[in-house]
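Residue numbering begins at 1 within each chain, and the chains themselves are lettered A, B, C, D, E and F in the order written.
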Amino acid sequence: MTRADGRQAHDLREIKIERGFTIHAEGSVLVSFGNTKVLCNASFTPGVPRFKKDSGEGWVTAEYSMLPRATHDRSEREAVKGKIGGRTHEISRLIGRSLRAVIDVKQLGENTIVLDCDVLQADGGTRTAAITGAFVALADAVAWAKKNGYIAKSAKPLIDTVSAVSVGIIDGVAMTDLAYVEDVRADTDMNVVVTGRGLFVEVQGTAEAEPFDRDELNRLLELALQANLELSKMQREALGEDLDLR
Amino acid sequence: MTRADGRQAHDLREIKIERGFTIHAEGSVLVSFGNTKVLCNASFTPGVPRFKKDSGEGWVTAEYSMLPRATHDRSEREAVKGKIGGRTHEISRLIGRSLRAVIDVKQLGENTIVLDCDVLQADGGTRTAAITGAFVALADAVAWAKKNGYIAKSAKPLIDTVSAVSVGIIDGVAMTDLAYVEDVRADTDMNVVVTGRGLFVEVQGTAEAEPFDRDELNRLLELALQANLELSKMQREALGEDLDLR
Amino acid sequence: MTRADGRQAHDLREIKIERGFTIHAEGSVLVSFGNTKVLCNASFTPGVPRFKKDSGEGWVTAEYSMLPRATHDRSEREAVKGKIGGRTHEISRLIGRSLRAVIDVKQLGENTIVLDCDVLQADGGTRTAAITGAFVALADAVAWAKKNGYIAKSAKPLIDTVSAVSVGIIDGVAMTDLAYVEDVRADTDMNVVVTGRGLFVEVQGTAEAEPFDRDELNRLLELALQANLELSKMQREALGEDLDLR
Amino acid sequence: MTRADGRQAHDLREIKIERGFTIHAEGSVLVSFGNTKVLCNASFTPGVPRFKKDSGEGWVTAEYSMLPRATHDRSEREAVKGKIGGRTHEISRLIGRSLRAVIDVKQLGENTIVLDCDVLQADGGTRTAAITGAFVALADAVAWAKKNGYIAKSAKPLIDTVSAVSVGIIDGVAMTDLAYVEDVRADTDMNVVVTGRGLFVEVQGTAEAEPFDRDELNRLLELALQANLELSKMQREALGEDLDLR
Amino acid sequence: MTRADGRQAHDLREIKIERGFTIHAEGSVLVSFGNTKVLCNASFTPGVPRFKKDSGEGWVTAEYSMLPRATHDRSEREAVKGKIGGRTHEISRLIGRSLRAVIDVKQLGENTIVLDCDVLQADGGTRTAAITGAFVALADAVAWAKKNGYIAKSAKPLIDTVSAVSVGIIDGVAMTDLAYVEDVRADTDMNVVVTGRGLFVEVQGTAEAEPFDRDELNRLLELALQANLELSKMQREALGEDLDLR
Amino acid sequence: MTRADGRQAHDLREIKIERGFTIHAEGSVLVSFGNTKVLCNASFTPGVPRFKKDSGEGWVTAEYSMLPRATHDRSEREAVKGKIGGRTHEISRLIGRSLRAVIDVKQLGENTIVLDCDVLQADGGTRTAAITGAFVALADAVAWAKKNGYIAKSAKPLIDTVSAVSVGIIDGVAMTDLAYVEDVRADTDMNVVVTGRGLFVEVQGTAEAEPFDRDELNRLLELALQANLELSKMQREALGEDLDLR
């Protein structure tokens, strides 16, 4: 069985990782998972928020947002509504946790890196693209900080790569990296965040239509591990020698 | 190895499900998982929100909140801050999704049930206690609606029971239903929502300290399934003949 | 003339004062005036807000709120609306002023006690129950602070007890402690806050339907003084030896 | 004993009621209680808010605010803070209730009158000046509505006049209409809203420093009734033939 | 051609500048451009906002607002809406920039002057009246600060006067100081802020109906310069010897 | 005299107009003025806001925003702050007015077009780039609406092109299209919005450091007219046959 866009069940969409997309940010990556395009900007600033003061540790956090017309229909700006919605909060927190899983905050020193993940165009899987792109921007910001003397040359804050993919079951078939039209049809939808070494950072599975059993869960995890290995490879290729893992 | 409170790794804390805790709500349950106490009130109202109008389907949603002094230190009220935090949003959405997984909205007709889950006292696992208690309040509200003629006597909106438990790995040992002191020490923390028939509704695993591997994930899922079977049994006992599953 | 619930005009409803209702707060009281149930948690913290810094004086304040389904119909959460309503503000301020009338802030030292009064179930008189219960929680928090060395053993911050009751005129008859069904029928509604020594702290009378004359006012004040003496007695009984008045 | 400004204990400050202060509002009154100056604009609009639809009754409500520099020190605008404070809410509600006590909403028909009371200059007693001035603006708006055919010529929505005064106890002496320097020194502070016939609409007494006894309360009420009779007389003089009471 | 109110095209409305309108502010001016009346209060406070700390320079800023019934129809309060509208923001910023153009912040020292411009009655040209009145209030506040020793007697923070006027094209004729009925008919509307020496501070021209050409622009600028010279003269007369320009 | 980037005083930076930048919007343009890059998405929806209902006329409006790291230092998201700043409001309104000056809303019919202008990268002149790009996106949305039958084939809603440029005086020299480093040094800064026929839509000049005289104003207007003619030519080239002016 092939999919609408000709992919096999286990295929990722075309993945592009474009570094240096904007000029001001210490790390700036435009990541594409097919038609899903997310701009991930990493901002490095010396110093940490109050709850981390004098801890000797740094802080990494993330903010996710969609441009109003990233989607098929225009959605109102959260700034205009005056409050951030639950989905936005949830995804921002997920991205932050995922990146913190591969950062050694002691090695980072008392510095802060904020990852802004703004979806320019959405076609399913925006949070997984954001995590995957944000890691590359984070690596660039760490490299920038070393080069500019904010972090010791010998420090190695990055423990591993981290990436994410969505997997789901459609008509009984487990599939990788769902596009929007697939996502709305899926019975089960799972976002899986995995390190370059193949360890789980987050597993978030949701029964959209029907609860799922242990076997289905296993097939989804299998696909997710495999796809994340590919994503990790692409991240390494994109960063080349600029990636300095512990 | 036993735990601080004398439990075995696979033991739930003492679970209490007290129906009819307040007088106004159509379903009102005080659920306790040890020292964690959550008041779950179900409010039934005829009619549905605009996005469900004329769909012939009902709507079930949930709002979670903590009293300011439910926790060891007082936290500021979200109403005073003027906005709802990301954690609150995330949990409210999780409870709503979990309940909708076992409700046939067509059988519910164009009626709305809102579950208010207010944590009176917190000691870890507030979201899993909330889901477990909210299901019982939901069942009471459905029964009330049948008795009062809002839903046909023959309708069976409830597909199955649903409950939730947290599981985690502490010092390499997988454990069930973490109390707060355990939660803060856990390397991995997973909330698992399961139906009475043993199917997964939500699997949310997070690596707090160290990423986890497939084997650890399997052990956690095993514990979670076993504990949820026990919780489902307690829900059935608490509801007795008032539970009318499809 | 007897009332719907069999009471005489000057009778209070059944009053219950349950100390130690939750485990974390320094004072935690569930107070019941009939079906009205308010959870009053007192949080003690060393230090004072900025406007009291270096004054040598402490601070006592209160926040009142209703759970969404404390009432017959569900009301929207103020946190969801993003702002606190006028009624909530008004009652929070009233509770704070009432308690400050019996606290010697110099004896309290530069410490803060916040009283959270959350209505679990409402049936009229929630603000008067809140004041009455909050005083007991406050006394417990003061005792806790002495025991734990935050306040000198010899200090006596509590000047007197304080309690409150609603009184009103229904069909020309002055009545004590109105239940909700009585409250909506009352021509005049008055909340009276009184110290254990029988002095007024607050008198808030409102003509709901018809303006009232001096004579009616006098009869209401009479009932209120009498009821508050009873409430003060119950507070003393509930606290027993733990009450340490100046 | 005379006061700082030469008044006797029972004297009001100089009261001025200037009608037609601005040109757009249906009723526009600048009221002065000494240096306290409040602009009271009444806006008449056909139609009522949703909760009054098809009731055959009208609605009267009020909004109180202070200009940032009405006071000795500048206070931040509530619009800039993004939320209305408790004190503002409390006073707005008080003004609205006071006016509704002398309006027959059936005679008003399904029309709304909003009273905007903006304090241009504050020197104590802003809420009592606001009520006193707002009544005159209300009467002008009712007269306007009759003249312009929105209310039947024969209708008599105004039942009575209503005015308000603050009274307080300073160094044991009960005094009328406290200026700011007196207000901060008062042990007890009471705002009393009274109709032209001498009936109470609101009695709000607060022990600022020391709780007060029945005798003090009586003396304050005496002063308040006497002062309100004077204020009612001034309102009648200001309105002359334009006042059309039932 | 004469206008509805009998003015010639180049005539200002009747301008009044009333100093000392309220008692608390360091500068308090009620300015009238015909029926447009704006209360401009200047608040002087030692110290500067954080972004000016240790700069040796002072800060001047402004906040503009309309009373709800300043206009023909009542508009909702921005404090009630919980946010400030775009028009309010825009005008507040314009007033601030205009005043800062004639203040030497070094001479002001590390002090702040806030100008509150509250429109009591609107009939077109509220922002230009506000700028014109605010300058006079600013001059009074500077004089107050010198007299009270907050600024050295020898300092001369005021560089020049500043005033503003609206000009517009109606039916092909360029006109000065548009009243509201003229404003809504104008094809082009321009607000021009000019110093006493006849230099431009702000030129804001907007094509309301039809884009305008270079010639029309020139005629409007001509009228605006002429009117501002008159306004500057009135400001000097109003301030008399209290104006101390560099 | 040449500039830092080698331009002559009257030169625009390199201008790029890239249509079809995203796939969902009816018009989607990435416009670049040198390093300033703004994504302008036009969203067409049938129907109009309430204040335009049954007017037979359409509505065009705009929202401007900056990504947090569009600038050299990261700025906090307005959605996180919960309110939109004055600058954002001001620019959104300017873009909306500029576009409405060249749209015949009657020809548009009761349809709405919203222009979202999100700055991806800022280097001075973001508002002028936004207006210039938004016009092209607007033209694309109008063409889309004709093609899809929402507007009659014969209708010609577009009256003319519209573009904008910033001009300023630096060290006495008038210059076109200021980059950020120039903008901060400019004594006078002017944004000028001009139609394809060379008529003014908006003229907004601000004295940043020194007030300016009539001669300087004239030189700035000259440069602005010339630059806008070039921009209009580029807009026409970018749109080619898809531009259908009246």
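Just so we're on the same page, contacts are C-beta pairs under 8 Å (C-beta built on N, C-alpha and C of every residue); 3 or more make two chains touch, one makes a residue touch a chain.
Since we're looking at a predicted model, the values are computed, not measured.
Asks: Applying the touch definition from the top, give me the chains sitting in contact with each of subunit C and subunit D.
Replies: Under the touch definition, subunit C and subunit D have no mutual neighbours whatsoever.
Asks: Can you list every chain that touches subunit A and also touches subunit F?
Replies: The common neighbours do not exist; no chain touches both.
Asks: Taking each chain's centre as the mean of its C-alpha atoms, which one ends up farthest from the centre of subunit D?
Replies: Result for the farthest chain: A.
Asks: Matching over half of the contact pairs by residue number, can you pick out the copy of the C-D interface from B-C, A-B or A-F?
Replies: A-B
Asks: How far is the middle of subunit B from the middle of subunit E, if each middle is the mean of its Cα atoms, in Å?
Replies: Subunit B and subunit E have C-alpha centres separated by 60 Å.
Asks: Where the CA atoms of subunit C average out and where those of subunit E average out, how many Å apart are those spots?
Replies: Going by mean C-alpha positions, subunit C sits 51 Å from subunit E.
Asks: For subunit D versus subunit E, what separation do you get between their C-alpha means, in angstrom?
Replies: 33
Asks: Please set out, as single numbers or ranges, the residues of subunit B touching at least two other chains.
Replies: 82-84
Asks: Give the list of subunit E residues in touch with subunit F in this complex.
Replies: Answer in residue numbers: 83-87, 89-90, 92-93, 97, 101, 160, 190, 194-195, 197-207, 210-214, 217, 221, 225.
Asks: Which stretch or stretches of subunit E touch subunit D in the complex?
Replies: Residue list for subunit E touching subunit D: 22-25, 28, 35, 37, 39, 41, 43, 45, 63, 65, 67-72, 74, 77-84, 88, 114, 116, 118, 120-122.
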